[in-house]
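Chain nomenclature is as follows: A, B and C, assigned in order of appearance, with residue numbering initiated at 1 for each chain independently.
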Amino acid sequence: MKLGESRQPERKMRQNWRDRIFEFWIDLTRLLACGGILCIFVFLGKEALVFLKAPEASQSLFQLAWFPSENRFGIMAMVVGSVLVVGLSLLQAWPIARASAIYLGFFSSPRTSVWLLGSLQLMAAIPSVVVGLFGLSFLLPILAVYFPPAFGLLVASFVLSFVLLPSLIINVHAMLVIDTDPLLEVGKSLGISTPSLIRKVILPQRRRFLRRALILGAGRAFGETLAVLLVAGNNIQLPKGLFEPFRTLNATIALEMSYAQGLHRSALFFLGLCLLLLVCVLRFLAGRENA
Amino acid sequence: MKLRLSTGLALFYVFAIGVAVLAPVLLHAPGALRLGFWLEEPVRMGRLGGVGPVIYSTLLINALTLTFVCLLGLPLAVGLARQPKTSSDWMTRWIRGCLDLLAATPSIVYGLFGFAFFGRVLGLSYSILSGSLTLSLMILPLFVRLVEDALAALDPDLRRTARSLGLSEWTATFKIYMPLIRPALLAALILAWTRAIGETAALLYTSGYSLRWPQSVFESGRSLSVHIFDLSLNVGGADAQAYRAAAVILILTAAFSFLSRFIIRGLTHGKTARSSQHNRKPESPLW
Amino acid sequence: MEKQQEALSTIENLSLRYGERTVLAEINMELFRGRISALLGPSGSGKSTLLYALADILPPGAHVSGRIYRKRPERIVGIVFQRPLPFPLSIFENVALALRERGFRKPEEQVAKALTQAGLWDEVKDRLHEAAATLSGGQQQRLCLARVLALEPELLLLDEPCSSLDPLATQAIEASLRDLSASTAILIVTHNIAQAARLASETLVLWPNPDGSRIVDRGKLHFLAANSDNTLVRSYLSGRIG
């Protein structure tokens, strides 16, 4: 049989219906991905508008007192609480995460690293509410003996730091070990010890990546609600010590949304919008991945 | 060797806390293994009895969420993976930016949005469907990211071959690419599951906290993590029950990651190539 | 023998750029039925890009000017790459997949024919339904060839098809290519000068330039190696450098 005579289908086939639907579906999901974040902004903004338009409400915005029944919506105590707990937890989590990542990347054998990273992924899968429960039913009773009532910044930031740690370590580790094998080889051949190579070359060279990991970690910390809520005590006040109850922005939304009405509810949406904007700013600061 | 010691200690510290957090959960696991605990209704707000309706709601929410995530996430990842990461195509960049923001959005904000949009605008009020929709929107960026990375790591010559043979995108995706990225797909699904089952804040005001057996997806149902939250915050003397519920979460997660291996194997056909041969880049980090 | 010298594809004045960077400039060439042409040139000279342009699989963002004439544009342009990349399917399905897409319900006959043309039939006829990954590297590469041949391509492009294979596997592929050259036009990119000398009746030398690579020489390899105007090309082709 000569080739020219054989039955030969056309090159540009009619696109079959499956493919058309598939392409259409892809475009639809694209639209949805873009629309999703837009929708979130629009709906939060729309709901918060009532609050922003009410003069007496927005006047009290930058005060400490949050008494929704008296139309006083001062968010500053909660802002300070949020910032403090996030700052303190990062202060605990960051050095540990960096050190652990260095150990995983340069000191443990590759086989062990795989196992350790696997267990870290398991730890990252622990629901944050379970970590909060651990703080509530285990840490607080012990500490309450010495520092009653023990609810407050210290326990909250400790719990939050453990919620952050597993994924933070995995992130930092990933950013540290990319393309470091040749560096280590060269270093060894020049007689530079691994520790000083890490301190003098690798860490400074990766500073930008580490900063990105830190900022993303801060974003996640601001987003965490319930683990903190369970151990924070939730009185709306400026925390005067490490064992004074305080409240975060997220906690206010979670606690009051169930009964909030009217202006109060709108104020809670405004808090949500603030959180969203804050996290977006952090994301922007972290920069693009491939920059 | 000082650096080695100190960094090792840091990692040890992390694992020590991990063990401390998990220890009470594991101690209560025997209580959670009682069959009655899985089937009975909670008594007195959950102080006594089991978590039957809660497990049922949780499974409903998770099944719906994973379905939505796959339906939306797979095509989106396929579409994105066609364009290289550094592409200057404005639309791709825009979509990636939006996904980035979605990934950064706090879960409580998702909860608010779900409450306002799915609950009120779409009229779903407090329902399992509203909760799953909210959750799937929240998990979507992570899932897309993982699947896209796996697709982008495939040898570009494979894509060129498929194009030159005139294979349709559908065939190329489901006969060639998906089987090759099966391990990554599995990891993405398991991760989506663990996020879904561990999430509380996004569900509080979307799927609600009814303790009854939900009759349909349009009714409210309490998920396990919401149950744990409620037990520890609002119900006194229920810590043991909360830990048992946490043990159930761990058991369900383990069971799911075990089961999903078989499901994925069935969906993507048994025969696969040694997929390392098709991968150009080493696997990218999960988080 | 008029049929033997039939030009199956003509490229006229083809230029190609990505954004500001011009990769190929003013490429002119003809591909004839019954002839194996070798495309030689240093790395980065755009050999692969030229193949992609011929096979119409350029990535988005490539700007092409000039014309590519094809005798029968409805036929596919087959392309085989450097690494063997079997689909994660059985040996049979690897070849049958594209045929099924084109509406062949029972592609057994075509599959057998393609596998025979690729010189693989005798080795795999008893294990057609095993996974393609169980084949050796050389066999996988011939499977990739068979996958393309099943669609009876008018042009067959090969991008360093043997660079990851041992000499025996290379020999098997080369034997198949010689048999195939009777019915199709074959263009093979290679870094292996000896392979080009063994296989090709015509050699094209693509040389990089700041304003885009051009085909600087064409003809018999041995003649070019001795007589090219360009000293570098002479050294390259005679194996003194590279």
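Going forward, a contact is a pair of C-beta atoms (placed from the backbone, for glycine too) under 8 Å apart; a residue touches a chain by one contact, two chains touch by 3 or more.
Just so you know, these numbers come straight off a predicted model, no measurement behind them.
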Highest C-beta pair count, chain pair: A-B
Chain closest to the middle [Cα centroid of all protein chains]: B
Of all chains, the one whose CA centroid lies most distant from that of chain A is C
Using mean C-alpha positions as chain centres, tell me how far chain A is from chain C in Å, no decimals. 50
In whole angstrom, how far does the Cα centroid of chain B sit from the Cα centroid of chain C? 45
When the C-alpha atoms of chain A and chain B are each averaged to a single point, how far apart are the two points in Å? 16
Residue numbers in chain B touching 2 or more other chains? 166, 168
Could you check chain C for residues that touch two or more other chains and list them? 76, 101-102
If a residue has to touch 2 or more other chains to count, which residues of chain A qualify? 11, 13
Parts of chain C lying in touch with chain B, wherever the complex brings them together: 52, 55-57, 59-61, 76-79, 81-90, 97-98, 101-102, 131-133, 144, 147-148, 151
Given the complex with chain B, which residues does chain A contribute to the contact? 11, 13, 15-16, 18-19, 22-23, 25-30, 32-34, 36-40, 43-44, 46-47, 95-96, 99-100, 102-104, 107, 116, 119-121, 123-134, 136-138, 162, 165-167, 169-171, 173-174, 195, 198-199, 216, 219, 222-226, 229-230, 250, 253-254, 257-258, 268-269, 272, 275-276, 279-280, 282-283, 289-290
Which residues of chain B touch chain A once you look at their complex with the stated criterion? 1-4, 6-11, 13-15, 17-18, 20-22, 24-25, 72-73, 75-76, 78-79, 85-86, 91, 94-95, 98-102, 104-113, 115-117, 121, 137, 140, 144, 166, 168-170, 173, 191, 194, 197-201, 204-205, 225, 228-229, 232-233, 239, 242-243, 246, 249, 253, 284-287
Which bits of chain B are touching chain C when the two form their complex? 83-84, 87-89, 155, 157-158, 160-161, 163-168, 171, 175-176, 179-180, 269, 271-275, 277-278
